[in-house]
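Here come two complexes built around subunit A, the first alongside subunit B, the second alongside subunit C.
Here is the complex of A and B:
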């Protein structure tokens, strides 16, 4: 379905200082992210540059606006390309010109015409009869049901839209939930793709959009409705600090050597890094036009890509991961069993011992706050069997 | 008499509804309603102070750095932690980068469309546009290519985010050429705000939502390479603010001088202050702590802050100081005579207080902070020239002043940031390797009183046995977007809306300008 790229498209890019070469390079990277060879770059370019714009509605629910902010932190394609050349985003509260009645009219007109996709940012807010979020004088969930039920596809961006995120953190005072679960409960069958992390990584959003424009369908999804190409390998698998993990070289917070350890890029595992149980491509795609990412800045991963869209999994990332700076799950609530702090402390201390089998660490529990999921053996490890030490 | 509801208010962070009563083309009364309750304060209870740093910043995706810092400072105050000097500098640079990011984003992406008619830019004469840019002392771009691009886009008929905007509205006053310049800079600003955010990514992992300013200091460690990466990005952003944003502001302002005549608000100002110097004294911050009634200064006392809930959907104690605050959601119905907002009504010693860049700049101006005084006096001089009469500092207490104050503050902070980067370089060269200290106690109560780009921010933290026993936040938008208090006194934004001229009640563009001037 490759169409010829409009010549004027490149003029337009050039006006913003983006060369044809830059653009093709971007398309190549999109291809890689969605699991295609780079030879598909020209098709991707034509999907972006040719034809009628795909209508889209970006809905703001129980949000902090961080996912919209994150979209503004993308490199190529830049934001104008996304909203002017890739999609016709007829509703996007944070950036649209219209307000009030004029803004609401844009939703009505787009829904009446049909053929649109929906992007949801923020948790689904069901507390107080749905009145914990009021939009245009009504509960926000009314809008969500109406707009999603007639959409071709729904993209839930950021952990809040995926499973309620921190807003659903215990005791979930506003009764927040995720889009997929909410639509299912209301008998709405529109396909949903989930893109967790807090906020969403903009490159993942664009890759899903481009994929959709290219083949007219959502990418292959895993059991959490996440694109397999983006959420299959753990952060630990691809972490640049991984070598230090293998060597048992860790940053020890509060120790006299902390600064030197961090300057040397030692592993943050002992600080509670959730990289071993969090599956995203953060170490590869990075953040903010790829300049850095959490672990590179000296912070352990806090597992914000942990998703539990249909509940019954690990719980939202806040309940699954706190206390973040510890390898121990939160024991403040009743009903949690199986936590063995002393064992784990010993294991982490004695790295050379064969201990790090436990590196998913805490066993699952039946409490309100679920234990982090146990890891299965990873590809790296099965390929690199060793008899002593390290990660097995 | 016409009743107009603007819901949703767009180009803001979060969910807001504004209702105005318009009579003879002027707003006579106004109600501001916050539409979202998430329950952060409740979610944080029982968790560790370090967890609060990571979670509480997610209150706001536009100003997570400020919330993260206020949370961490609240925990540090509660646990008696004194952070190393390196951590102070690192936090200043990260916070400064967020302010620059936010002010650029606000002016060009969020509020410019209230003043700039994108469609009018199509009829600009290109040669005249270059001439005007030169006269205004602002930067140029490939205006011809941008106009061509815009024309192609409009011809395509799918206007995307520009659909149904207020194009051709009688309150749009700029000549076509200035509209085109502004559209060019609207596009450029998207790159600049991202460049500012990259500084945060380098020092904090990513933006929005960052990772390193945990209670006790920072987990980031400086190196010469990393500081060079920060330095050149700061330089680019700083150049844009000096050579584009400030000249644009001064070029646009003369067409909207009438905006100096309304949007005054409550006339009380509060700043907790932001950007510590080595003394860690809030009164010596780059933007110092202080409060004003009119232009008369007084010391704001945190214990005199209370929150009223008569008009807010809560069922908890009324008129409580946040150190003892409660948050129990209880939606009843939307009733302008009763409860009509998820926002509480904070008051200082019973008075509504405007917070934000205007408050900070006025506090600093009255305090005699040299760079602020020079910039404000310079801008007043330029505006006086345009108005043909001498304008006093009080003219800043207006819609025009609120917009100008934010852009001028960006320049103050950009300049100060160069100094912090220099301090960090000196620390690295001097071999100071202390970035973090551990807490020695696990109980206590404290408050992190700081500033977000949009105004005074407080996180009140009560820690017991190493876990959070109570947590209360008073955000800038809680101050500015507050509903009426128990005495029926309007909040700052409500008050600022009263007296605003409205040319067309079906398209209340002028009211949007007032709302956006607070950057809610």
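Here is the complex of A and C:
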């Protein structure tokens, strides 16, 4: 198909310093990420090379621009950059040259033309009637509703866009929430793909986009609207340190052997690693041009890939994951604040033990340990004997 | 005044066995559970997890057997009596003792000094023993929900509902952890009351099946 287009495309790649071989290798890895065999690499190459420019808008809401930073770490010059050039991204606040009215006009023009997809970075800030975040002189949520309602699909990149992320952490003063939840509350039925983690992994964004360009549909999603191929297995199950977990070899924070344990690459479970309950492909895809990822570089997983987009609240990974270096999240007690469940257990157990000791001493002083006479008649019976004939 | 007599009819040998199995499983589950929660010494994680899962399966089989046995094993239902009836009657609260519930609470809080007339098990005791069934099932459910986080198992949706109910994987972990403290508190109070209410005859019978 479209041999001449492909030729032009490879010229374009060559101008960017990317060889045909590099490009095919990239297509093979994209195939792997989206769950296809590498034999699909040529088809993926065709889809990318012959693809018409897919209009897209990258919206910035309650964000730190970390996800955009993460996208920038796909390499310079690298093939994904070219792939993203194949999208006609008409608005990307953090990186675009346009500003002011000219930039906002790009949104209006794209929405009027239709057939576009939306990528949202950052949480939906609903506080103070949406005035916590104002964009182009209007509440930010107005822009989100208008743009998303007419889009073909919405891709929520990063934890904040998925379920509010950091911004929605307790006590959530900006009343931040995720894109999917917000659209559902407002009756907007545009399909949403969620790509949690903080920041988003650029490889996953590329894989979803390529999947969309290739087959014209979104990838199969799980119950949280996350691509099944990316969010079905725990980090723990694919972790390079897993063997040390099974052997019971852990990095012990503050111990004399800590340096040696870290050098040996022991498991970070004792340091509060959330890998056993976080489902992402971080250990396989890795980050920063596939150089490394959190656990490989020595930090326990903090569970940023956990999300329950429609539920939010206590399902939010920030509330559920802190303190990051503890095995369990703090339980929030009214009037006291966050307390570790193990502290609560020990206090309750200690109080109960003390109570039993006191009870035992009083029982002994009243002679109960030797035995106490039983009542000769039930109290209820003696009270009600005359009037009702007593208990049965 | 001495305590009531404790006869073998009150605790048939088969229930001495099921009680031993419960006790050993609980100790093993609590120890390995604490270890899995926070491995306080090196080199035992694989063993701890294997033992933890195995003991829970044993506990569930024991629970199922115990419930089935309750329908046809006959034992004494009344304190100090050798007259036997279906064991299930020991579990279910009785209509005739419903007014004894508050009296029992008062007795344990020292608001009255004479013991309360009751069946072999007092009103509070029956409720506590009956509650062990849902508590064990709750621990099994939350435990298996932690054990099967990958969605490849066909049975996963059954557990995913619980994970969602408790607010995610961390929520159900904490729920499982607190459940263990409920079991520990039950065991403390259970052992304490059994100890002050005639330690020698009662413990001799339930652990060694020895009448005194």
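Rule of thumb we're sticking to: the second predicted complex is superposed on the first by the 311 of 392 C-alpha atoms of A that agree within 3 Å, B and C clash if a C-alpha of one lies under 4 Å from a C-alpha of the other, contacts with A are read in each partner's own complex, and residues count from 1 in each chain.
Operating definition for what follows: a residue touches a chain if its C-beta (ideal position, glycine included) is under 8 Å from a C-beta of that chain, and two chains touch if they have at least 3 such contacts.
Please read all numbers here as calculations on a predicted model, not as lab measurements.
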{"item": "Subunit B versus subunit C as contact partner of A:270, first or second or both or neither", "value": "second"}
{"item": "First, second, both or neither for A:299, with subunit B first and subunit C second", "value": "first"}
{"item": "Partner chain in contact with A:96 - subunit B first, subunit C second, else both or neither", "value": "first"}
{"item": "Touching partner for A:246 - first (subunit B), second (subunit C), both, neither", "value": "second"}
{"item": "Partner chain in contact with A:115 - subunit B first, subunit C second, else both or neither", "value": "neither"}
{"item": "First (subunit B), second (subunit C), both or neither touched by A:216", "value": "neither"}
{"item": "Subunit B and subunit C footprints on subunit A, overlapping residues", "value": "none"}
{"item": "Residues of subunit C touching subunit A in the complex", "value": "1-3, 37-39, 42-48, 95-96, 99-100, 103, 108, 110, 113-117, 146, 149-152, 160, 164, 167-171, 173-174, 177-178, 180-181, 184-185, 188-189, 192, 196, 198"}
{"item": "Contact set on subunit B toward subunit A in their complex", "value": "5-15, 17, 33, 35-40, 42-43, 46-48, 50-51, 54-55, 58-62, 64, 105, 109-110, 113, 118, 142, 145-146, 148-149, 152-153, 156, 158-166, 187, 190-191, 193-194, 197-198, 200-212, 214, 216, 218-221, 223, 229, 313, 329-331, 334, 342, 433-438, 467, 506-508, 512"}
{"item": "Residues of subunit A defined as touching subunit C within the complex", "value": "222-223, 232-234, 237, 245-250, 269-270, 274, 276-279, 303, 306, 308, 311, 313-315, 320-321, 327-329, 331, 341-342, 344-345, 348-349, 352-353, 356, 359-360, 362-363, 366, 368-375, 377-380, 391-392"}
{"item": "Partner subunit B, residues of subunit A touching it in the complex", "value": "8, 11-12, 14-16, 52-53, 55, 60, 62-70, 72-75, 78-80, 83-84, 87-90, 92-106, 123, 125, 127-129, 131-137, 140, 165-167, 169-174, 176, 198-199, 253-254, 258-260, 262-263, 271, 287-289, 291-299, 302, 304, 318, 322-325, 330, 332-333"}
